[in-house]
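So, here come the structures, one by one.
One chain, chain A, appears in both complexes that follow, with chain B as partner in the first and chain C in the second.
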Partner chain A sequence: MSSASLTDNRTVDVDRLVDRKLVLYFYLASLTYLFISMLGGLLMAFQLIRHNPLSGIEIFSPGRWRMVHTNAIAYGFLANALLGSMFWAVPRLTLRPVLSRLLSWFIFIAWQGVVLATAGGILLGQAQGLEWGETPTWIDPVALLGLALVVLNFLPSIVMTKGPLYVTLWYFMAALVWTFLTYAMGNFMPEYFVSGSAAGAVGGLFIHDLVGLFVTPIGWGLMYYFVPILLKKPIWSHGLSLVGFWGLAFFYPLQGIHHFLYTPIPMFLQYGAVISTIAVELVVASVIINFFGTLRGSGSAFITNLPIRWFYTGMIFYFLTCLQCAFQTTLTFQAIIHFTDWVVGHAHLVMFGVFGLWIQGIMTYLMPRLIGHEWYSRRLCEWHFWLSAISLAAMATDLIAGGLVQGHVWRALLPWDVSIEASMPFWVVRVFTGLGMFAGQIVFYVNIYRTFQLAQQGAPEAAPAARPALVGA
Partner chain B sequence: MNQTTSAPPRNRRARVMTAVFALVILIPSMLGFIAKFIEFIAVFRGQGEGSFAVTPMVNYLLATTGFFCLFGWALLHGMFREIEAPKQRMLETEEWLVRQEAASDSM
Partner chain C sequence: MLESKGSVLVVAGLFFFGLAFVSNALVPALMYKDLPEKTAEQLVTANLRYQFEDLARRFPESFEKHVGQAPPDGPEKEQWLNDRCAELLRIGRKVYTGEACWHCHSQFVRPVSGESRRWGPVSQSWEYQNELQRPVLFGTRRVGPDLSREGGRRSNDWQAVHLFKPTLLSDGSVMPEYPWFFEGSPDKPNLRGLGLLTYLQWLGSWLPSYPYYEEWTSAHLPEGVEPGAVDQGAIDAANQGVTGDGDAEPEAQPDSQSAPQDNEAGQDSSGEAKPAEPAVSEPAAESPPAGATPESTTEPKPTDPKPTEPSPEPAPAEPAAGEVPAEQPIEGDRPPAPDEPTVQFSPWGPFFRQEVA
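Then we have the complex of A and B:
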């Protein structure tokens, strides 16, 4: 056991600061749900080209699989991976363990229960009529209680930190509060308190805030932590990073209504959402400039340092998706792209292209430390990256282009069949790009499994020269 | 662990960049918000076409008020003094942890 004293007379038990086994379990759960979600996505892709292998089975009907696909990504893959990463980062940033190790394990088990019950409820036809909030209504209070326990577990360590907080902790602190409030607002208000267009407006806030106030702050918080320690240099400007944080805090919450342009919601509210979306694009630009300013002088790390490559590729996709967002929320764009595959392409670009890539970059860095052995194969790590990144870029491009075609066909008031036939080539490409992403994950799972085997066999690590230098700067 | 940090080098360009971005983002957004708030009051006073917009607006105002209070608290508690210091301290802490873990592994 290793303990060390700090200048403020606290003793830090370094070995017990982070529960590595818990982080590993969160990651394994996250990857399991990613596998299930990708299966759901592939089934939907086959359904669109009229080759659904499960056709006629009600429990596996495409409408239900689609919801399993999206919910498994949000609450299974992303939530588990982000929570696991926070269990790594928060104690190391604050030099304080989380409130309770027992509570942490309870949260892990309870959250898997929530996700599995959600999947089961959706497949059995109990989905709540709210996009991204399809969790059956009887699970909502349990999920909210789970989120309250997460806040209780993390917040004391952050609040007790003395002196000006590092930007990561600001993001985490806000995300903890935001997620709880967003979940409560989205799942309870339209269900029990408001109806009609007001419920629609709240639903719009919910689906966008789930991305912007839960996934985004934790994702950026993690980038502000992992990028400097991997590049071994501080972030370019901490002041600019705080501008990004407070900009997100003040401008993001209003923009969800941009999902409901051309609806009965008052135009001033729709215009407000458009303006705040464009304002957030400026905030995003400040964050991107900060990270690329940090990379300046260490550009070779983008080639040699695999986690850094994952992170910065995700950032490029983030900039593109936010730029796309600033345009697509204008009324001119919406008239063409609304309800088309453009939106699906946009969603894949942000969920997998940004946060999925960041998470896989973090796992690429941390898995060897959690398993206790270097990666089995650097080549498999490379395959994982290229298959994921190229397939995702191809899928997003394909869907965005397909969406434009669909939009123009609809505007021309051609029969519905015409738009289906026009979409078919794009949907065929979508299947192959999905298979490419899936193949990338299979490669990753094989690499993890083989690394586990090496660790269990007690195989000696390769000499430094021969070792897969994933983080060689 | 040596927790004391030397003052970070003054990065004038970074400060200018920060100030420019703050102004570019904050001023237009505040003007826009004030205009929308006036419209909101007009709706609330009886334009029948959209009184249901009160729900999302109240949501936003509550969230923003909370963050405005937090911003004020942070300002009063010196969270923005030595604004570049936390980035150095974070790296030092991580390096210290890595050293401690390496020492622990070798024991």
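Then we have the complex of A and C:
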């Protein structure tokens, strides 16, 4: 761990600082929720092509499962995986354990309780009318308390670090504060304090900040941590790292209202959101340049090193999705694509194509270290990658194209049925792309399970020559 | 300095977040603080009360079982009906959010993409200043149509059957079935069903254009009337409503442009849904803002007898907005009348339209 010796001359066994079992449990929980979420997505996809096998059963209502789908992704899959990764990275960067091992496990258990209660509440029809925050209102204070405990657990060890902080810790520190504030603002303000257009503005801010101030900074923080380790060289430009962080911190929170353009929310606020959205794309470009500058000279790692391939594929998707965002947020595009599957395609591109790929790349890197055995099969790892990446790219393309068709059918003022019939081919393709992503996950689960078995049997590791290294470290 | 813990925590973490919160959340909240937020009780208008009492007439057993028995005529009955109506609005809103209706149906009409021609007047802020928009249900996706002007467009019977099994009324609908709003058949809605029906009929009941009917083709427009002219009148009327405290006085808004248009498509069946002598004895709360439509220039609509046959030429059957009279059998698919050509729209066919004999 080179970053350790930079700040501290003492030798610290960083492995002792990390509770590997906890990280593994977070990852397994995360993958479990991803599985449940994908089932929910498939149910809705089958409903839309009129082949819902569970039609008319209340507990399998596609609408409720649609909300489970998004919430399980945000709070089950992403939150668990990001927290687990933070439990791996933060002690290694600060050279200190987190505040309390007991608290860490309590957070793990409590957070699973929050997520399961959310899913249960939604399935029983208690959802709150806030997109990405459908958590029933009675769970919101508990979830907020959980987030406060997360802050309490991580922040002391970061703050106590001597000397300058590494980039990753800027992102983590800010994200801890932002996530808490975002959750409080989004779940309480439009429910109890304001209504109507003002509530819409807060709701847009919440949707946006949840991605921009919780998932994005932790995701990029992890990239700044894992990429230099895997490539065995520092990040290309420290200056660009600064631009990326401060640009995100300033511009990202200002964009929430771009989710509700052409609503009764005051027009000058809508213009402001559009302008800051376009501004942040320049910041994004600087971060992408920084990371591809880092890759320069090690390009072969993109092919041979699986985690690096996951990460950089995710970054390519990140650049595409942000480029798309700069266009789609303009009022010109909005007139056509708002309300269509274009936005759904965009959401999948961000949530799975970027953060999903990064997380699965991190898991590909860490799982052998957590389980204590090299991967059962590199070939299955390859299948996992290609099924996920290709299916996701196909799904996003399909939905974005379908959205354009829907938008134009609507603008032509054709009867509503026409837009449904026009969507049908795209929705059929979407089912198959979804099944492709699902298959990728199944392959991943099988691989993890077989690796567990090998570790338990104590099978010897294959000779390095026979089994090419999965990771650079 | 840019890398210090203090600046990351305080400037990036707190200050920038606070800046965005103030500019993007507090500013609109302060801008609308003078628009009073209505309670569900204040949302019960004559338009809604008419639909609510219609529920009681169409589903008498279910209504009595789940909502109760109205007291004998008199002020007590008025109060009882208003209270129950508000209560069912709240229940309906819970069902609407709990079932994720708002994830496939938006509730706002944008000023672009011809939406005001399809859905009705462009949405205004005052329309959302009420208890049932906490949090606001703008929505971000339209798999199905926008619902913000849905109230009154279709009868309670239609809505009930459609919720029970959408494909009975709407061929090719991808909407899920909701049999759990009913006790076995569409004529027996339970409390959730009654609440949702009330909520659906409420949507748009505050507008002068209620109930709004879209125009698909210019064939129905009288000569000399530009498509879209009706919208401008309605927008102006809605703007009138927002200037004050959002609680517009019912004042006449003569709008010559929009006058001839409102009685065209789809009115044949709505005439059936609205008898000439409605049972509403008194407009319940305040009158809805009146404006662009000719019927409402002097009085709220439900007390205004409608011509039984407003259009000399009944509109052709439309697959999207077709309505079924209450007498239609609800079990099984409705066979097309023998002499009625089945029109199927296919975007993949030539000119987006195929006629099947």
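FYI, the second predicted complex is superposed on the first by the 455 of 473 C-alpha atoms of A that agree within 3 Å, B and C clash if a C-alpha of one lies under 4 Å from a C-alpha of the other, contacts with A are read in each partner's own complex, and residues count from 1 in each chain.
Please note the rule applied: a residue touches a chain if its C-beta (ideal position, glycine included) is under 8 Å from a C-beta of that chain, and two chains touch if they have at least 3 such contacts.
Computed from a predicted model, the values in this text were never measured in an experiment.
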item: Overlay on chain A: chain C relative to chain B, clash or fit; value: clash
item: Touching partner for A:Val194 - first (chain B), second (chain C), both, neither; value: both
item: First, second, both or neither for A:Trp246, with chain B first and chain C second; value: both
item: Touched partner set for A:Arg50, first chain B, second chain C, both or neither; value: second
item: Which superposed partner A:Val409 touches (first chain B, second chain C, both, neither); value: second
item: First, second, both or neither for A:Arg66, with chain B first and chain C second; value: second
item: Partner chain(s) touched by A:Met185 [first = chain B, second = chain C, both, neither]; value: both
item: Which of chain B and chain C A:Phe260 touches, first, second, both or neither; value: second
item: Chain A: partner with more touched residues, chain B or chain C; value: C
item: Chain B versus chain C as contact partner of A:Gln457, first or second or both or neither; value: neither
item: Contacts of A:Val283 with chain B and chain C, given as first, second, both or neither; value: first
item: Clashing chain B stretch [against chain C; choices 4-12, 22-30, 40-48 or 58-66]; value: 58-66
item: Set intersection of chain A contacts, chain C complex versus chain B complex; value: 164-165, 174, 177-178, 181, 185, 189, 194, 196-198, 201-202, 204-205, 242, 246, 249-250, 253-254, 256-257, 265-266, 269, 272
item: In the complex, chain A residues that touch chain C; value: 47-50, 52, 55-56, 58, 61-64, 66-67, 125-131, 134, 158-159, 161, 164-165, 170, 173-174, 176-178, 181-182, 185, 189-205, 209, 213, 242, 245-246, 249-250, 253-254, 256-257, 259-260, 262-266, 269, 272-273, 331, 334-336, 338-341, 343-344, 405, 407, 409-422, 425
item: Residues of chain C defined as touching chain A within the complex; value: 2-5, 8-9, 11-14, 16-17, 19-21, 23-25, 27-29, 31-32, 35, 37, 93, 95-104, 106, 108, 110-115, 117-118, 123-125, 127-131, 133-145, 170-174, 176-180, 216, 318-321, 345-348, 352
item: Chain B-touching residues of chain A, taken from the complex the two chains share; value: 1-2, 4-8, 12, 14-15, 17, 92-93, 95, 163-168, 174, 177-178, 181, 185, 189, 194, 196-198, 201-202, 204-205, 225, 228-229, 232-240, 242-243, 246-247, 249-251, 253-254, 256-257, 265-266, 268-269, 271-272, 275-276, 279, 282-283, 285-286, 289, 293
item: Of all residues in chain B, those that touch chain A in their complex; value: 1-4, 8, 11, 14-15, 17-18, 21-22, 24-25, 28-29, 32, 36, 39-40, 43, 49-50, 52-57, 59-60, 63-64, 66-67, 71, 78-91, 93-94, 96-97, 100-101, 103-104, 107
